[in-house]
Amino acid sequence: MSTATQAGFSLLASLPALQVVVPMVAAPICTFLRFRNGPWAFALLVSAAVFWISVMLLQQVLTHGVISYEMGGWAPPIGIEYRIDEINAFVLMIVSGISLVSLPYALRSVEREVPRDKHHLFYAGWLLCLCGLLGITITGDAFNIFVFLEISSLATYMLMASGRDPRALTAAFQYLVLGTLGATFILIGVGLLYIMTGTLNIADMADRLGPVSDTTSVRAAAAFLIAGIALKFALFPAHFWLPNGYAYSPSAVAVFLSATATKVSIYVLLRFEFTVFGEVAAFQDLHFARLLLPFAVLAFLIGSMVAIFQTDLKRLLAWSSVAQIGYIVVGIGLGSSDGLTGGIVHIFNHALTKAALFMAAGAMFLRIGSTRIDNLAGVGKIMPWTTLAFVLAGLSLIGVPTTAGFVSKWYLVLAALQHGNAGYFLAALILFSSILAVIYVWRVVEVAYFREPAGDATVREAPLSMLVPLWLLTLACFYFGLETQYSVDIARVAAESLLGIAR
Amino acid sequence: MIEHLVPRVLAKLLIPFILLFGLYVQFHGDFGPGGGFQAGVIFAAGIILYALIYGLDQARGVISPGLVSVLVALGLLIYAGVGVATLLLGGEFLNYGVLDSHDPVHGQHLGILIIEFGVGMTVAAVMITIFYQFAGRLKITRELESDDDDEDEQADDHADGPVADARGPR
Amino acid sequence: MNLDSGIPLGDWEAIINVALLGLLLLVTIGIIRVRNLFAVVMLAGIYSLLMALVFTLLDAVDVAFTEAAVGAGVSTILSLGTLALIDSRREKVPNRFQFVPLLVSLAAGAVLFWGMQDMPAVGSADAPNQVHVAPYYITQTQADIDVPNIVTAVLASYRGFDTLGEVTVIFTAGIGVMMLLSAMPVIGARRRRRREDDDGDGDKAPNDGGNA
Amino acid sequence: MQWLGQFNYYVFAILMMAGIYIAMSRGNLVKKVVGLNIFQASVFLLYISSGKVWGGTAPIMADGLERAISNPLPHVLILTAIVVGIATTSIGLALIVRIKEAHGTVEEDEIAEAEILYEQELAKLDAEAMTQARADAAAAGTTGGKGA
């Protein structure tokens, strides 16, 4: 038993635990708040606290290096360890930041789309989802990842189905089946690794994999882990729940999930790929994420193409998400420093961009009652600010220079070009897919600006509580397109630390 | 609600023992198989049996849904609360050793006892809640359907149909 | 079955183990083939009960206890409740054979069978997971926590945070079901369907009602 | 019992395949959930089997215990996994109840048909509302009476 340091309570030292415990404790409290807007205000407050904690953690990691926190005071292989390095500190900040920005937006959207008597449950579910995503990201224990993955998944199913559209129910159920398959694959992978190494701690696992690395069991474990995680982040053939799920769940949920849930699963992929298997010499030749490359390429090609033919704005954005996940996985699959940097920075940039786009779509839904593209005729005239933000964020989605989207695509193309002829072809495909993005964004612009409004005089500009977060994210898309110091530098440090372990 | 005499009498005999067994499993988990989770399920099974035999309304009268939904949250809060207490006492999260400043092993005992209680509370309450929700839904649906058969138009008071419902209130 | 007759205890364990697992396979075949949903739910309950027996044999008494209570008990009650609610007794026979699921399941199975070649045999005392971490729990629990049931000690203290996560999972399920089922049911679609059957053109009525 | 070596693992693999197959191939949503249950329970078998020591006993300390003790850690993990399983099942069943109420069926292909029907109705509603709004605007220029 480790001797507990009886130094009294120290906030700074307790931050890793509080990062997850604060939303976890807040969720049950939230179910007691039945008065109007109470749950919302409380969730916002908690999100702000959580974001502050994540910023402090990132700062600590950047100055002092890796933080290790022993849950229950038991040293790592015995107990559960929280281990924070550059990459997960960065993801923690993205997740909690997106939650903080999208909650002010959620107020009006949820009022409209979720029955009033369920608001306390809705925001409790939101906090649980946040808690689950943060828990997956921060932990250094393989089984703990599974537990928190399930917390976030269950909360996601419930949030997706909380609105009024019955199509969301089917999408949530499909996701439940697929998500459970994925999570259980991860459980099998973790189990096989446990049987072969006798430990659940990720760092310890990486150390002990050496002697057994050429066994078929460990390779099977890797296959199950990669397949399970790919199911969780809706990589191409397993994507079919995502378009309906994002399109028909309440707008605020689409904003939050599109920017965080799949990104966290991608982080788990990075963690297993590089931290667990990266260290093992036998795996150097067998780069598991590279097996995902063909699927990733298909994902961004097919995702972009299908997006063009959508009649519903939110579904269009959701299909574009399928494509963007493809880009991120391409970056990881290439495996080089540039590719990894591009992938990680695209996790961040795409979170900003897609959250802004879904916010704009949700604002239109609030005012017009539909996001069918035909119904959005002339929306540029009746909701000028929302539409302008949509167009600007759309530029970032396409990857126009000076936007955040350009930065990440730049690194992806750069990484692709390092791979000879196949690389040139890949780079060409990425550029081609960007042209497809121009087409689907243009379709919306055309309808919004060059068609006459239907003449419904009751429609007016979105409320300020939606416009402010929307514009905040839109401007961030441009800020991080011009000033790459924070996003790219942190991503590069993270990428190099991941690869550094591999060396 | 079951009208037959035999199941009613048997249930009356069995339910106290089921609940008692639940408590035994709860507090004997340190020594034998069992613990908060199993105890919660057994306890909930007792209540569910009661509801099956004597009817949902009667069961709701004994343990009200409002109380259950409070217990759902309270159990989790007790567990996490122990963790917060250990933080405030200067230990790591869930390091029960610090609960007793003289004897860490006794602190561990105390911590395990409390958190198992929290686990049992949440599990029992959640199981009862889920059962109440399913059974309550069955009741409402049956009532609506009988309305539906008698007088088709009146059912519109309950529901506008999914298409209109998806658009929400104005 | 005299245990003193020279046959080591371990052999009897293994034989009963094989028999139970065989039954488990039979029940699974039944679940695949049976179309009556009521029977499927009952078979699933039996599956859980058999699984609990296997766990008892494999020394996981706590797990067996839980699996029996949850898998055979709660899960069955919930499934029966659902069947009553959805008012559907028979599964529709699919009109075409689906290759993708078969392919996925065969692929997963193939990877597993391939991966098993190098796995330590079941029940061997020198497998990697028996010699790392686990001995610490077995030898140190008495000194650290002084609780006879090591599973309780690991569950509540060494890996107490996992258990907190587990309670959060069940809490999430509770509020999820509350959220999904507490609202007034919308049975418009069912009504519309019935009218369609009656007079053929009834599907406009609910729309007008909603749009007026 | 060397010939039995990995019998438990073989059974796990077969049960896993059966579970995946049921969950993915069956159109009936209840059967899908049962398939998921089988799939998850099969993984329990993997973990628990890996912790067993032949001739060992349950990990509960007692005076005068001489036999080996099976590994308690997989038991703890599976306790958690069982809870996760029942949580998923209950949410899944609740979703099925809602799907049945919304679409009137629990068969996947019929749900797809019902959704297409639903989308057509929505489109019709939108078109009606739009013509209505245009007509109102053209007639009087007063506020349009767009539907809910």
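Letters are used for the chains, namely A, B, C and D, taken in the order the chains are written, and counting of residues starts over at 1 for each.
Everything below uses one rule, namely that contacts are C-beta pairs under 8 Å (C-beta built on N, C-alpha and C of every residue); 3 or more make two chains touch, one makes a residue touch a chain.
What you see is a predicted model; the values in this text were computed from it and never measured.
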item	value
By mean Cα position, the chain sitting nearest the middle	D
Chain pair whose interface holds the most contacting C-beta pairs	C-D
Averaged-CA centre spacing for the pair chain C and chain A, given as whole angstrom	29
Rounded Å distance between chain C and chain D, as computed from the means of their C-alpha atoms	10
Distance from chain D to chain B - Cα centre to Cα centre, in angstrom	22
Rounded Å distance between chain A and chain B, as computed from the means of their C-alpha atoms	33
For chain D, residues that touch 2 or more chains besides their own	16, 20, 23-24, 50, 58, 60, 73-74, 77, 79-80, 83-84, 87-88, 90-91, 93-98, 101-103, 118, 121-122, 125, 147-148
Residue list for chain A, restricted to those that touch at least two other chains	1, 24, 27-28, 31, 71-72, 143, 147, 150, 154, 157-158, 161, 166, 188, 192, 194-195, 200, 369
Touching two or more other chains - residue numbers and ranges from chain B	31-33, 37, 69, 72-73, 76, 80, 83, 93-94, 96, 123, 130, 133-134, 137, 141, 162-169
Chain contact topology (line, ring, star, complete or other)	complete
Residue numbers on chain D that touch chain C, as the complex places them	1-2, 4-18, 20-28, 30-31, 33-34, 37-38, 41, 44-45, 48-62, 68-80, 82-91, 93-98, 100-104, 106-107, 110, 114, 121, 124-125, 128-129, 147-148
Parts of chain C lying in touch with chain B, wherever the complex brings them together	61-62, 64-66, 69-70, 73-74, 77-78, 81-82, 84-85, 144-149, 151-153, 155-157, 160-161, 163-164, 166-168, 170-171, 173-175, 177-178, 181-182, 184-189, 191-192, 195, 206-207, 209-211
Chain A residues within the chain D interface of the complex	143, 146-147, 150, 154, 157-158, 161, 166-167, 169-170, 172-173, 176-177, 180-181, 183-184, 187-188, 191-192, 194-195, 200, 369-370, 372, 374-375, 454-458
Residue numbers on chain D that touch chain A, as the complex places them	16, 20, 23-24, 29, 32, 36, 39-40, 43, 46-47, 50, 73-74, 77, 80-81, 84, 87-88, 91-92, 95-96, 98-99, 102-103, 111, 115, 118, 122-123, 126, 130, 133-134, 136-138, 142-144, 146, 148
Complex contact set, residues of chain D against chain B	58, 60, 79, 83, 90, 93-94, 97, 101-102, 118, 121-122, 125, 147-148
